[in-house]
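Both complexes shown next keep chain A, but they swap its partner, so chain B is in the first and chain C is in the second.
So, the complex of A and B:
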């Protein structure tokens, strides 16, 4: 059972592929980040040391925004999205966690936002935010309110991408949390009721602590995914108007593939990655007590 | 406060009919919010050409027609896009799953010095922001002249799919008790034989799920594809759909019809496999 030689033979094909497709590109990316490579200097980039890193932190990233604005916006983007995913997900899970005749139907519908390709959902939502023909403004118009220029002004556009991403994510979170709720033994609640605990007390003292093993990884993974979720702003607003809905990853993608500043974009992505890594390391430290991640 | 009060959070054995009504009402509202954009797409796909832009909110529009579906199936490049996506996603999933099948087993059952760092590394790759790997891969592919090829996109996808597949499969192998191989080895089988004859057949469902999941991730991908594939004959359906809805406003109906046709099989597969995928959450990233 413990012959490590065989282990390496089993691993060999994957190691070779990972070496060529993950590790080498990563090192190459690191190397690019120290050069002035752009669209015109792809073939003979010059080494410029840490200049790109300095530029990322001090210059404008695209035209209008700088790194620190993007960072702040990304934190808001991630925090607000994950907050609503968990809050709405928790409410739905609690509602679903009882005997309901049509529970399977509810569950099937809850899977939809997760199952429909993100790319399509984003394009559809983009159309629904249309000033005149999008259904949101049509409804606002019918109940006598002013239409909202969803995609044309800030902060409306930022709210629009958050609405879309909340729609994309809350249902999945509710399914995950429901799994956690169902694993809580009813005996705890019975005991609490005998002691006269109120519903709220039971929620705070039983439900929430017992959900921790589910909630902690869900929140951390959810944060990482949301941080990296560039498809939503990219499709719906393309970062606009006037770069007000760019987050770190969309600005990074634009710097690389719309502005063709390869060296700069590489340095930028290294910084973004480092930030996520620190976040993740803190998480691993936090949850070392929770078993099962790597054993 | 009475002792017998039923808790709202308690997995109820019997809620009062009034409370059940409220709960169902709230859940129906949630379902409507989820279904609303979907129904809107259905509506738009059924609209006749003249009224594509309309502030009508009826689900079945006046003069409903299947013309948009006809156009999607017979007049645009839809099947070519599907073919490109299919080939690319299939090779990606095959590469990911087959390479992961043995390496995940090593991670699950052996002790070796690179195990801990290896697992941490796999986890870390799930954190890579898209541009981090895409940019160097893109420049590598430019230099190797693999831009605008299936292989180019498969390479880019495999670099994210493989770590994910290993991570998920390891989680599944971990749930198979080691006694199974141990008893086979007591009977004289080598570990390799035990793996091929016992573990691999037992893991068929897990392998299928892993395959399906990496397939679907590649299938619905857009941002990497648009960088690596520019030639229109190689467009995947995501690129094709984007051009549809960007180009002419009259293609809105076609876009809606194509979206529904593409989503339907994916959604059906998800409905049947969702419970396996959700349980994989704590074992690794599910949908990133």
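So, the complex of A and C:
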């Protein structure tokens, strides 16, 4: 009991911070979501029950798309991005885990996409996707292919924002995975080699299971970050052309800060929060990611 | 008698002690304190502004002006969030259309509550009225115009085109897509650049009751004209955004650009001229860019010493000599009458050209509904440029979207 008491005292500063920075804004947001708060009623909002929730789920959110279309697009956006983050991150981490003389240099270079502010990376990528002056189309042109209107047609614009976000995200994943790989004892691999296991069998039966405690939270975090990634679509396409690259979070931002529909935007956020919570719980349960390797 | 003498002696002593202060007014305590301004200026603008802030602080050592920079969108979001929570800055420098939502949300103290009529009368009427809403003046303008115009490279074309036919003819002479050269550049996909042409075809975004007026013949013709510039006449690069247009013009790969007065300072290395955007031949009307200003807006919570410091600073920063610092370095038009009438402006061909364009412009509506107008134009206009919607359908959809969005904003 005495031990627990000390633990609670030590946790107290963190609890206070979480209380004021997470719990209080969350409860306030929840409260607003049941009101008609907008720019005209900001000082005297009225309780309107679940009307905002109903509007989010049934009305058009933007000009042409509704919540379910945006959700489907956001799921594709998140899934494709996280898949490539993990795939590229895993490949690079495995390569860097070998005894290479220049591995430390590569590790430092690897941090670059992550270390450069997202804003700068997005602006650079936006220029690279330009139809006439972007380097991608210049290369395509040189090899005799037609230029692609990356930013002005669908699905090219959607692919363009995915490419940018894959670039921004794989570095984090490879560093996390590399940390996980380095914590695996080489004895497992030596034993497997004595038993005649192939490299693929070692990967499937040793590497992947041993990486699970590292990968699961990284994937959950990566999914939540990607789901809520505002800056990439906002800077590169501004949701265009014709709203085809809007995802839930950009539409939510638009409702709150461009149309000042605070009640509606809060209800929208609460629904997004529920979606992410369900995903995280299901994923943790399915992958048993919260458990240790030996449990 | 003895008591009388004692009283007299005490009074004399008190009198002697008070003597030095007789005839002197009590010294007023100097204003003291720090005020905060949030702004969204360009680097060149900010440099001039900060130099003037430093000068003010030297002249008034007990006062401090803390300057915090934000991007345009950040400034709008942060100001409303922070001020609603009672944590906002004392004043901001922002585009005049910020007044719409901020006044509706009751976040501002009006300028006519702070400054007297004599001071307000020192400003050019159009600039001052650019912050007028609900019958009150809400901001002190720091410039006049903020409008689009035709900027051309005199080394490439000695005379600017007068109408749209001439524009096409001249621009085609300078277009060589394979060499990355184009005759005419501007931020093609941005609705703000569509508006002058809309005016040139006889249209405008709102009626007097702030209802959208987008589903018109003028909008259909405007959108078609803009698409034709890219696809039929091929004088504007495909996907021509702000940065591309600016770069091509600066690198002398384009002789003409439509850009705002804020950009003039950046083209100093070129032999540039400024003229009106060419007249639309079909209608005989000059394109009418939106005119506006940037203005100092004051937090609803501004009071006491802070209010006095802000007032003193505004009176300082808007002095004609200080406005002329911005004019010389940034080539923007001043908002003060005496500065606007200086021969230095009348004799400067760039500023004269800018002024000439401004007189055919129209004030940008500052009502919050403008947000719905911009966002309703954008996706459908983009769809036309991408070739997936006709101009007629786009105009109809813009109108219905704008009506719907305005209703949503009002919570109807």
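The rule is short, and it goes like this: the second predicted complex is superposed on the first by the 254 of 295 C-alpha atoms of A that agree within 3 Å, B and C clash if a C-alpha of one lies under 4 Å from a C-alpha of the other, contacts with A are read in each partner's own complex, and residues count from 1 in each chain.
In the analysis below, contacts are C-beta pairs under 8 Å (C-beta built on N, C-alpha and C of every residue); 3 or more make two chains touch, one makes a residue touch a chain.
Since this is a predicted model, take the numbers as computed values, not measurements.
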Superposed partners chain B and chain C on chain A - clash or fit: clash
Which superposed partner A:151 touches (first chain B, second chain C, both, neither): second
First (chain B), second (chain C), both or neither touched by A:36: second
Per-residue contact with chain A, leading partner among chain C and chain B: B
First, second, both or neither for A:258, with chain B first and chain C second: second
First, second, both or neither for A:127, with chain B first and chain C second: both
Partner chain in contact with A:285 - chain B first, chain C second, else both or neither: neither
Partner chain in contact with A:270 - chain B first, chain C second, else both or neither: first
Superposed model, chain B segment overlapping chain C, candidates 98-106, 134-142, 170-178 or 206-214: 134-142
Overlap of chain C and chain B interfaces on chain A (superposed complexes): 42, 127, 132-133, 257
Chain A contact footprint on chain B (complex, rising order): 1, 3-15, 20, 23-24, 26-27, 30-31, 33-38, 40-41, 44, 53-55, 57, 95, 99-100, 102-103, 105-107, 109-113, 115-116, 118-120, 123-140, 142-143, 155, 158-159, 162-163, 166, 178, 181-182, 185, 191-192, 219-223, 227, 238, 241-242, 245, 252, 255, 259, 262-263, 266-267, 270-271, 274, 278-279, 281-282, 285-288
Touch list for chain A against partner chain C, complex: 36, 38-43, 60, 62-64, 127, 130-133, 149, 151-153, 238, 240-243, 254, 257-261, 264
In the complex with chain B, residue positions of chain A that touch it: 1-4, 6-8, 10-11, 13-15, 17-18, 21-22, 25-26, 28-29, 32, 37, 42, 92, 94-100, 102, 106, 108-121, 123-125, 127-128, 132-133, 135, 138-139, 141-142, 167, 171-172, 175-176, 179, 181-182, 184, 186, 189, 192-194, 196, 198-199, 202-203, 206-207, 213-214, 217-218, 221, 224-225, 227-228, 230-231, 234-235, 248-249, 252-253, 255-257, 262, 265-266, 268-270, 272-273, 276-277, 280, 292, 294
Residues of chain C that touch chain A when the two form their complex: 73, 76-77, 80, 84, 101, 104-106, 177, 180, 189, 237-239, 243-244, 368, 371-372, 375-376, 378-380, 382-383, 385-386, 388-389, 397, 401, 404-405, 408-411
